[in-house]
Structure formats: structure tokens, C-alpha cells
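Some structures to go through are shown next.
The two complexes that follow have subunit A in common; it is paired with subunit B in the first and with subunit C in the second.
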Partner chain A sequence: MPSSRCLLRLPHPPSSLLAAPIAPHTSTSLRHAAPFSASASQCMPAPAKKKGVTFGGPPARGTKALRIKKTVRQSTARPPAPGERRALRKRIVLSNTNALEVAGLRDATLDSLVDEAMVGKVVGLPGQVVDSLRVVEAFKVHQGWGLFRRPACLVRKETVEIGRVVAEAEEQKTTRRVVLCGERNSGKSVLLLQGLAGAFMRGWVVLNFPEAKDLTIGHTAYSPIPNTTPTQYAQRTYTANLLSQISKANASVLSALQITQSHDLPMPLQRNLTLDRLCELGARDPDIAWPIFQALWKELTAPGRPPVFMALDGLAHVMRLSAYLAPDTKPIHAHDLALVNHFVEYLSGQKQLGNGGVVMAAVSESNQPRTPALEHAPRRKQPESFLEHQLRQLKHWNPYVKGDERVIKALDGVEVLRLKGLSREEARGVMEYYAASGMLRNTVTEGFVSEKWSLAGQGIVGELERAAVRLRV
Partner chain B sequence: MVLLLGVNFSEQRLVKRALETFYGIGPSVSTRIMARFSIHPTAKIRDLENKHITDLTAELTGMRIENDLRRQLRENITRLRDMGSYRGRRHAMGLPVRGQRTRTQIQTARKLNRIERRG
Partner chain C sequence: MATAVKRLGFQARQCVCRIPARQRPQTLPAWQRPFSSTPARCEQLDDFAKTLNSEDRAFYQSLPPEERALMRTVGQSLGEHMARQDVQQAFSDEIDDIADEVERQFPPNLEEREERKSQGFWALGEPEMGEDEEFQGDDISSIAHGELEQHREFREYARLAAWELPLLSKLSVPFEPPSENQPLRFRYTSYMGEQHPAARKVVVEFSPFDMPELSYQQRGKLIKLCGARYNPSSRVVKMSCESFETQAQNKRYLGDLVNKLLTEARDPTDTFEDVPFDFRHHKRKPNFAFPQAWLMTPERQKQLEEKRQQRLLLDQQRTQQGTLITGAERIQQAIENEALAAAAEPVVVEAQQQRGKGREQQRQSRGRR
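Then we have the complex of A and B:
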């Protein structure tokens, strides 16, 4: 028989029997009240358990075993106002009061930018040109303008080439189309800036897209333009801002020009309205910015107007699909954005500037989006950008490589200016300028120049600046 | 503050996020709606024109969202239950519907599966 069953069968003894053996040890007074207890303390009720705290074992579900008070940091600083951090990030510093004034630094003139004798010399940018360049956002944050007393740049071989292109376009009233390529930090954006500076000095009308990325990453308002096939999209806020820049930067030129053409605009125009006032009208009201831009362009391309310089930095961003979506949720090709289309029409040579001019674009090597065609491109022996590759391939396009037809057409026949490192003479010139500014303490000798020139990947100008001025050991 | 389908949204709010607060509108639907009315992805409520707001309200009114969608969901579950299907029964019992194991890990089913499902 199993023991459990045996126990179950065991009859319970009557309570009188159990109490009987203990009772005789207790006093007679307690016998009826508490037959099990001998002392008063044992009679007291057990202390109440603390809620939520358990001893010897894991905590109950949902409760924390260890509670540590977090240190709360009390910030006394004022939080940045809206737009403050952006303003700080985009701040352009063009002067360093600690740098020395360079004795004998001459301002750039029209001649100095086309004169081969000036190659290797540093020239300052005239104050008015600096103001205009600042308005069109030609100075970039990462460039070293803030290291020296005043904005100045080196005249290099390519600067003279660009200067000649501009001069020829003015003389012959032709449209020159140039794409600047080259390694990272090789001075493409600064060369573009020199082109802009030359155009400002010549009294041209300048239109600059400082960052092509801003046009295509879907950060500004867009809307379809009715009656266009394929549908084009206007970016009203961006256009209004662009008009404001055009009006401020070219005020001296545009204020002398009045409207002569008839325009189909939503509001009537004053008869002797100047072109800078026309731009301001568009800048004030984004709703009419695009029609005003078109009106401005019609005026500028009319006979007898000054030549136009159009520039764009970061070309690869406008040579692909944009981040905007069409109503059918398909991505919009960057060339379908009205402003981009405007630029590309002139870059591709589809349209000509009536009074002559230059359309110039620079490739960015540090911020270049990947393009499907790039991945299909064959292995390249030397580092070159996708655009360069495409440009080289235009004549013998491999039919098995997937390429964007519109991009290929847009870049057909453009002049490509590939920037390489500075020559030793140019490097010496710029390093002497560093030394004269007090930013380089070493004596500029042949050996020193050679050393830095080699360190900078055979004279890549941005690296040269880094090696000589920024990284001072 | 801007009123969209009877809900007030602050000016600083992203349009995309504002749309996604409605039950039945997720990332893809909000993207589609915004593309339809040419509103850029980073637009905030304050950037919307009056035309956009009327368009959006009209679009949202015509869509099956919020209570309509919740009701449809409940109707679907009730239908399953009424015809006596296995799925209906599992819903009614608050157990997993699609053949998951019930030995452990059925918190979600316990929480959500019921005839009068919240949404």
C-alpha cells in the first residue's frame, strides 16, 4: 500500500486529545484564551508586509528591483531660436583680423584675369564684387576665406582660360558651355567663383545656382505648370529667392535697364519699370515668381542687353531623378523642374543666349550622388567622376551600359575643363601669399614648396592650403 | 492652427506626420496623397496654401479612415464569428487566429483579438 494513501486513511485525532498534553504546562488563566501560546509577544499580529518589496527572490513582474534616481540636468542656457543654428552653420566669414594685411596685394581687374603674366600671383577681389558674390552665395563655408585678411584668390592657368572664354563670348556674342571637373579640393568651386567675379566686373547679368542639391532634394515647394508637355514643375519659393539674389547682386546693371517687351503676367506692369524692380516684384510674391522669372529672361535675351553668366555648382544632382514626386507617385526627373530645365537647355546648347554669355557648371567630388549608370560603367583606371566618364564616353557610348538619355543629350558637346594640381610656380605664388599673411611661419624656399606640393597630391590646391595653413604643427 | 478633417494641427507640424495621425493613413498613403497635391516631403502645415487645405480635407473626407475603417474591421470580425468560422471563434476567444502556437507568446492576440476590436 502506498504511503500517501496510508496517511490519507489516518484518522484525525479529536482536538481535545491534541490540546490536552500542552495544557498542563500553562497557567490556568491562559488556558481558555490561547492554548498554543506561552508568551504575550507571540500573540501580537505579524508586522504588515511592505508592498512591492520582496525578500529573497526576484522582484514581481513589472516592478523594478533597483531604483536609482536619475540626475536631472538643469540647463540654464537659452535654447537656440528658430533658424539660429542654421544661420551659424551657413555663416560665411570673409575676414580674419589676426591675419596680416598683404603689402602690394593688387585688386583683380579685367586684364589680370586674362593675362598669362599674372599666372601664379594672388589678386584681391574688389569690395563691390565681394558683395555681389556674397549675395549669390558663391562663397562656400568650407573654403578658406576666413583665414586671411580679405578675400583674394590665386590666378592659375585655368583662371586665364576661363577669363578668355568669357571675353570671347562677349566679343563674338556666342554662348560658351563649360563643365569644370577635377579631383576633390582641386579648386572647381573657386574657379567658378572667379568666373562669376569676372562676369560681375564686366557688367554682365549673373545668375547663380549655388547648390544644385537644393533644387532637387525636395525641400522647397513645387507645383505643376499648366499646359506644359511633359509637365514641368515650378519651384516658387526657390525662384522668389533667386530673383531676390539676381536683383541685389546685379542692381547696378539691372537698374539701368527698363522693360521693353510685352508680358503676359497676372498683374499690370508699370511702363518704365526697371528690371531690378521687376525682380523685386517676383521676390516679394512667390506665387508670381515663375512668370516674373520668365519675363525677366525675355527681357534679358532681347537684343541690346548685356551678356549673361549662368553658373551651377554640384552638377550631378541635376542629372538624375529628383526627390519630388509627380501626382502619379513617380519621381520627377530633375530636368522636368522648370529652373533646372532652364539651365540645362542652355548647357546642352538647345538654346542660345542672344547677347552672348557663358553657361558654366562645376562638378562636386565631395557631394556627388550615386547614379545607376555609374555602377554599370566599366572599371576605370584613373579616378574620374561619373560625369567626366560620361563626357569621355559620349562619342563612343557603350550600348550595354545603362545611361540616362536626357543626361547624355544635355552634356553633348560641352567643353570640359579638367582641373589638376597647381604647377610649382603657382604653388609657390600662393604659399608666398600665405607667408605674407602671417598664416605660414616658414620661409618659403624651393625645398619647402616642393615638400608641400608633393604632400598635397601634386599641388591639389585645397590640400596645399591644408598642409601649409590649417595643419600647423 | 490649421483644421484638417476637424482636427487642429500646429503650424510647425510636418504635413506628412499630421496626415499619419489619422487611423488608416501610414507612410505610403501619406506619400501618395502628398504627391497627388504636389506637396513636398518636408512641407510643414504653415507652408500649405488654402487650396492645399481644401484639397486635403476633400480627399480625407472621401477616404475610409478613422471610425469608418474601425467599423469595417469590426464588421469583418463579426461576420467571421457569425458564420461560425474558426477565425471568428479564435477572435472571440482572444487567441491567435493564424495558427500560431499558444503555449507562450500570445500577448498580442490577448490584447487585440476580440469581437469588438478597437482597431
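Then we have the complex of A and C:
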């Protein structure tokens, strides 16, 4: 019934009634929806609400409501102390007491790392070298050192090549620049370690950046070095730690060397100060770590000093913009970080090591940011100058890909050593070592070696270890 | 009902006077679609035939001339007779009588009217169109006409294919591949006489490597000038033009353009050597060919078999020499060595005095039994 008709049929209510509903509507708006009709309602009033019963919404103040508590399990275990988990994550295990001692395992000597007859044999690392390598963090967590009784490694074809590079650099007092690249798990970091071991055995001074990532991801303090153009940035805590590593790892060499040069340092130096003590001074006080590092370098490059081996793992991280910001909030190029710059100057051949030495960098395939210039450099087979490269860019370098010129220059003319899988003979040697250690139960026959060699992508050494030792069924 | 009967009466009157009695205004017959497109070829009609209806006319025309004359005189006299006033009057009286009789028998039912069809919801408020004035129930639908039209077209083309296509072979010219001095290849588009906006488009393709009198450097410049129109895989430049109204104009433009490009490429003032080639517009299709070295040939099979034999031999030699290493054996050895080492070490044992066999012991042994 339309409302107009309704109003017509009903007797007119008093005007007071018509006006009245406006007030209650506003007060009890919950009970009444907006009326379709303006006439007074003819029905019974709604029953009064029961107190304390609500249909939705929180209970009114002062009323009780059912509350279900969530069960929170209280852990009784002691929470890990600060740094404990990191220590566990970074723990290097170099020995497995359950593994058998391999009879007839010889220690590596200077000759064994250069001798081609040793290819395919496993040699142990001498105790002193192991200590030094451990100090410079050359052992990595993911490598299989913890599977065997003592640290030992396979002498492969590339090991001999690197050994020769080191020997030649010592003989001819030249600087050799090498970049190791290859597939994931193909043994780049271990080859770098072998190079370091060779340098330690030869009595070189060794400087190792175990993870290039730590330098550039912005996890250590940095500050601009005054009077440098373009502005360079020193990482004092990192430098202090590096100095401490240098002094501990090369103690036997550095303790025999005394300072001969004059240095501009914020504090006076003892006249007959040995170089390891100098490093310790810098390690103790991060504020002077960078000047001390420079002083140390001046001493090491002075004539008559031993050759230097500089190594860096994870090259791609220093071939791009770092995570640090300059005062103008622009990212700092990794080459503007003082330590990285120091390494890159020698890698690019801009500076030479006066007493001879090797600058070696390894590319990491498992943790590699994209850098087009770096992708390009290992692809080049022949080392060539930047100009030559520019001339032949059509064939190699895509000029329309945005490349970092500093990086291209830094990698200009480096020797690229591309690691591939092991040969069958090398694979056999390492698998015999696994069996002799009791970590591989099978008989190492030719067929078995072939099978695992094929499974490991034609002898990728990390995969070979996984197939033979880790994935034992 | 009465109206129907009246209509019946008129029909009767029409039937009776085959020869039109009265000069009624002739209604124009509705235009009918011809079934055939061929024009009708008919005989010359005389005046009498024109007054007849179609059936009678056909009959009249089929007669020999003397019978026609007879029919004409009879028909004319009949017409005159029927046109007389009294005859007409008699007819109309008769018809009215019959009509009244019928009306008396079947009185008109006023209520029984034809119900108006409901228009339906969607036609509400629309003006009524009424009946189709043109269509008189004597024609097929327009779709059917379309089908017929199409069929006629099929037949026309079938005739062409049967009679005229074989004659085209007389015009055929043997194919001659373009010579070296014809490096341009033009493409035109025909829409078989239909109007089409793309009909005027002309496409030209040429390879910079076929262009005459170009040095290595000039060819490079030409490729750089052509930009994204150059396909480095097929080494072909492809350009098109449809900006002018006619095909000829577009082709002229393209020809001029190619000439201009060639003069520019030969111009030694700027050789473009500092500009690298830009082939970013082109993605090369990878071609995966099976390496010939991987093919399994009898020689390769033999070689592999020899290698396997050598490996087996090596294993045999090692077994004989005892240099084959088995991990499990090594572990066993190590365990045994450990046990031996443990056994070799002297163990301190508490000394015990030996006692002679006394009575007590003997008794115990007996008790055990």
C-alpha cells in the first residue's frame, strides 16, 4: 500500500504524534531502520533488550566475556648468546676423527706443487701452513675439510700451472695477475687456497681477502680519507682485522724484517720495530689501521723484501657499486674503497710489485652479483689490451650494454684460468683418497670412477665429492 | 463473416467476366523479383490479348490465327453483352440476394474478432509498422535470393574456369632469375580489383652485399644508415612506402630513396666508422645442429670398445698387484689393527693364588651335578 493512500485512509493523527517520531529515531537508531513511511507505526513496540547479551562488537564496559588465551609454549632451552650462532655458522672443522688416517699420505712440498708427475695425487697440507691458512680464512665452511682426518688436497693440472706462475714470479720478480673462473663447485676457491699454501711455503708475505662481499655490502665502518681525489674511503675495523691476520699468518717472515723507511704516522715508531709488531700496532687501534697498512705496504714494496701474494675471493662483489653511500647520497663505487682500490690497482697492472708477486682473484659462481663487464672478461680467450679490445668490440663486447669502464680497465689483460672438471685420472686419485679415508666403501674400479665422473658433470670436483662421499646410499 | 461472403461475391463476378466488363482502374501489380536475369523474350501482344488474364492469354496465344480471330469476336461480343446496363443490374441483384441469404443463415458474430497480438515487452511504445506492403506471399526470402545469387556466381566462374582459363597458358612466360644488375626486389599487393587502402603499398628488399661498387667501409655505412630495416641474419634491407596515392608514385619514391642511400654511403666525408653497428632490433634464432663428432660411427664404436677393454685390463692388473682400494676393507683393517694394538698392550691383572683341589671344591662340583 503506498504511503499516500495509507495516509488518506487513516484518520489524521494529531500533529504532535507526527512530529514525535523524529526524536526517538535519532536515539534508538539501531532498532529502527530508515522508515519507508512517515506514519506512526501501528505495531507493538519491540521487546526490551536483555541486559548483557550482545550480538557482535566488544562487550560493554563492566561485563564479562569469554576469553580464550593462546597457548604460548615456554622454551626451557637457553637462548643462544650473542655471536654464538654466527660462530657456529662460521665454524671451520678441519678434522674428522672417525675418518681413517691415510697411510702413505705425503705432505705437500715446494716441488710437489710444481711437479707434473704429482698430478692426480693427493697431498696433505703441512701443519704450519694449515695454521696460517686458517688465520687468513682460506678454508671455507662449505668445503669438505671436515670429512677427512687432516687437511689434504688433490694436485690437479691447474695446481701445477698456478705453482709455476708463483715460481716464475719469484724468479723473474714480476707481477702476475690471474683470475680464476669456472663452473660452480669446480674448485676455484680451493685452487686459490693451494696458491696461498704455495706462497706460505715459499716464505712470501700473504695478504688475503677471504670474502670480497664483506668489503662492499656495508657491514663495516667507513670514513673518507682526507686529501684524496676522487675521495677514497677507509674501512678501519676491517683494516685492523686484516692487519692482525697478516701479522699472525706471516709471523715467521715478518718477525725477521725491520722497518727501514720513514713513515708519516700519527705516533712515533721504534727504530728497530719488526713488521709483525707494526701490524699488531695497527690491529690494536682501528683509528690508525689504515696509515699503518700504508706504512706496511711501503716497507713490503721496498727493495730486498720477499714477494707478495695477494688473493681475493668473490671478485664480482668488488666490480660494482658498493652498498656504501657518499655524502651526496650516491653509492660509492667499490673501487673507491681504499682496500679494494689497493687490490684493484695491482690486479689491473696499474702498479707493479717491485719484489715480484702474484695477484689472484677467484670468481664465485654461487654468490655472484651481475656485472656485465666481468661476465665479458673471462669469456675472452686471449688476454688483450683495452685498445685492441675496443677495436674488436663488435665481435665481443656489445657497445649498447651499459658497462662499467673502471671494471673493464681493471680486468684488462689479466690471465684468465678457466677451471673445468677433473680428468679421469685426477678423479681416480681423489676417489682412492676417499676410499683410503674410509669415507667411500666401494672398490675404486675404473667403472666406478667413470660412473661418478659422469654423474659429477664430467668431473666437477665438488659434485664428485657429493656423489662419492656425501650422498652415500 | 459477411464481409468474407461479400468478397466471395466479388470473386465470383470476377470469374464470370473473364473479359473485363467494366473499365475499372487497373491496380499496378507489385514488382516481382525475376527468377532469371535473362530478359523475357515475348511475342507481340495485340489489344485483345492485353485485356485477358495470364491463363487466358497463354491459351489465346497457343491458338492458330483463325481460331484466335474467332475467339476475339466472341470475346468482344461477350464483353459488349456483359457491359450492358441491365445485365449488370441483374448480376448485382442476384449477388445481393445471395449475400442477404447467407447473412440470414450466419448472422455476423460481433464478439468474435481477431485478437490483437500482444506486442510484448520489448515493442512497448514503438510505433506499429503494420503489414509488409510489398510482400504478397508470392516470393522466396531474401536469404534464399542471396543463395541463388551466389549459385549463379559459382556457375559463372565455373564457366570461366572451363572455357577461358586454359587460354591463359598462351600468355605464360618462363621464369628468369634476376640478374646481377637487378638487386632490388619489389613487392606489390593486389586485392583482385577491390578497393583497399593497402593496395598502393610497395615494398622493396635488397641486400647491401649485392649493391654494385661499394667498398667494405661503404657497405658498413649503408648498413648503419638503414638502421633497424637491416636484418643481419638474412643480410637484407626491407623498406616500404604507402604515403603516396598510387603504386607507381610509391615505387618511384623507394627507388629514389635507395639511390640517395647509395650516394650517402659512397660519400667519404663521414664514414661512420666511430659508430658501432646496432643490431639490437634483431634477435638471432639459435640454430642447434647435431655435432658431427658425436655421430656414432662404426670406427667410433670400435674406439670406445677398445677403451673399455683397456679399462677392464687396468682393473685386472690392479687386482693382481693388490693396488685396488676398497673402502670397506680399509675400515675392516683399521678396526682389526685397533684391536691388535689394544691386545698388544699389557694389561695389569690382579694376581690370584692358585688353590689345590680340596674337599670343599669337590663337594661343590658334586652338588652342581
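One rule holds in what follows: the second predicted complex is superposed on the first by the 380 of 473 C-alpha atoms of A that agree within 3 Å, B and C clash if a C-alpha of one lies under 4 Å from a C-alpha of the other, contacts with A are read in each partner's own complex, and residues count from 1 in each chain.
One rule holds in what follows: contacts are C-beta pairs under 8 Å (C-beta built on N, C-alpha and C of every residue); 3 or more make two chains touch, one makes a residue touch a chain.
The model shown is predicted, which means the values in this text are computed figures rather than measured ones.
Chemist: Of the two partners subunit B and subunit C, which one touches more residues belonging to subunit A?
Modeler: Of subunit B and subunit C, more residues of subunit A lie in contact with C.
Chemist: Considering only the touch criterion stated at the top, classify A:S450 as touching first (subunit B), second (subunit C), both, or neither.
Modeler: Second partner only, subunit C.
Chemist: Touching A:L100, do we find subunit B (first), subunit C (second), both, or neither?
Modeler: In the superposition, A:L100 contacts subunit C only.
Chemist: Quick check for you: in the superposed arrangement, does A:Y233 touch first (subunit B), second (subunit C), both or neither?
Modeler: After superposition on chain A, A:Y233 lies in contact with subunit B alone.
Chemist: Give one of first, second, both or neither to describe whether A:P266 is in contact with subunit B, with subunit C, with both, or with none.
Modeler: neither
Chemist: So, does A:P79 touch the first partner subunit B, the second partner subunit C, both, or neither?
Modeler: neither
Chemist: Tell me which partner A:T220 touches in the superposition: subunit B (first), subunit C (second), both or neither.
Modeler: After superposing on A, A:T220 lies in contact with subunit B but is clear of subunit C.
Chemist: Quick check on the superposed pair: does A:L440 touch subunit B, subunit C, both, or neither? Answer first, second, both or neither.
Modeler: Once the two structures are laid over each other on A, A:L440 reaches subunit C alone.
Chemist: Using the superposition on chain A described above, determine whether A:Y324 touches subunit B (first), subunit C (second), both, or neither.
Modeler: first
Chemist: Counting contacts the way the document defines them, which residues of subunit A are shared by the two interfaces, the one with subunit B and the one with subunit C?
Modeler: The answer is that subunit A has no such residue.
Chemist: Where on subunit C does subunit A make contact in their complex?
Modeler: 276-278, 280, 311-312, 314-315, 324-328, 330-331, 334
Chemist: Using the touch definition from the top, list the residues of subunit A that touch subunit B in their complex.
Modeler: Touching subunit B from subunit A are residues 218-224, 233, 323-329.
Chemist: Residue numbers of subunit B touching subunit A in their complex, please.
Modeler: Counting only subunit B, the residues touching subunit A are 31-32, 34-43, 47.
Chemist: Along subunit A, where are the residues that touch subunit C in the complex?
Modeler: These residues of subunit A touch subunit C: 100, 393-394, 399-400, 432, 434-436, 438-447, 450.
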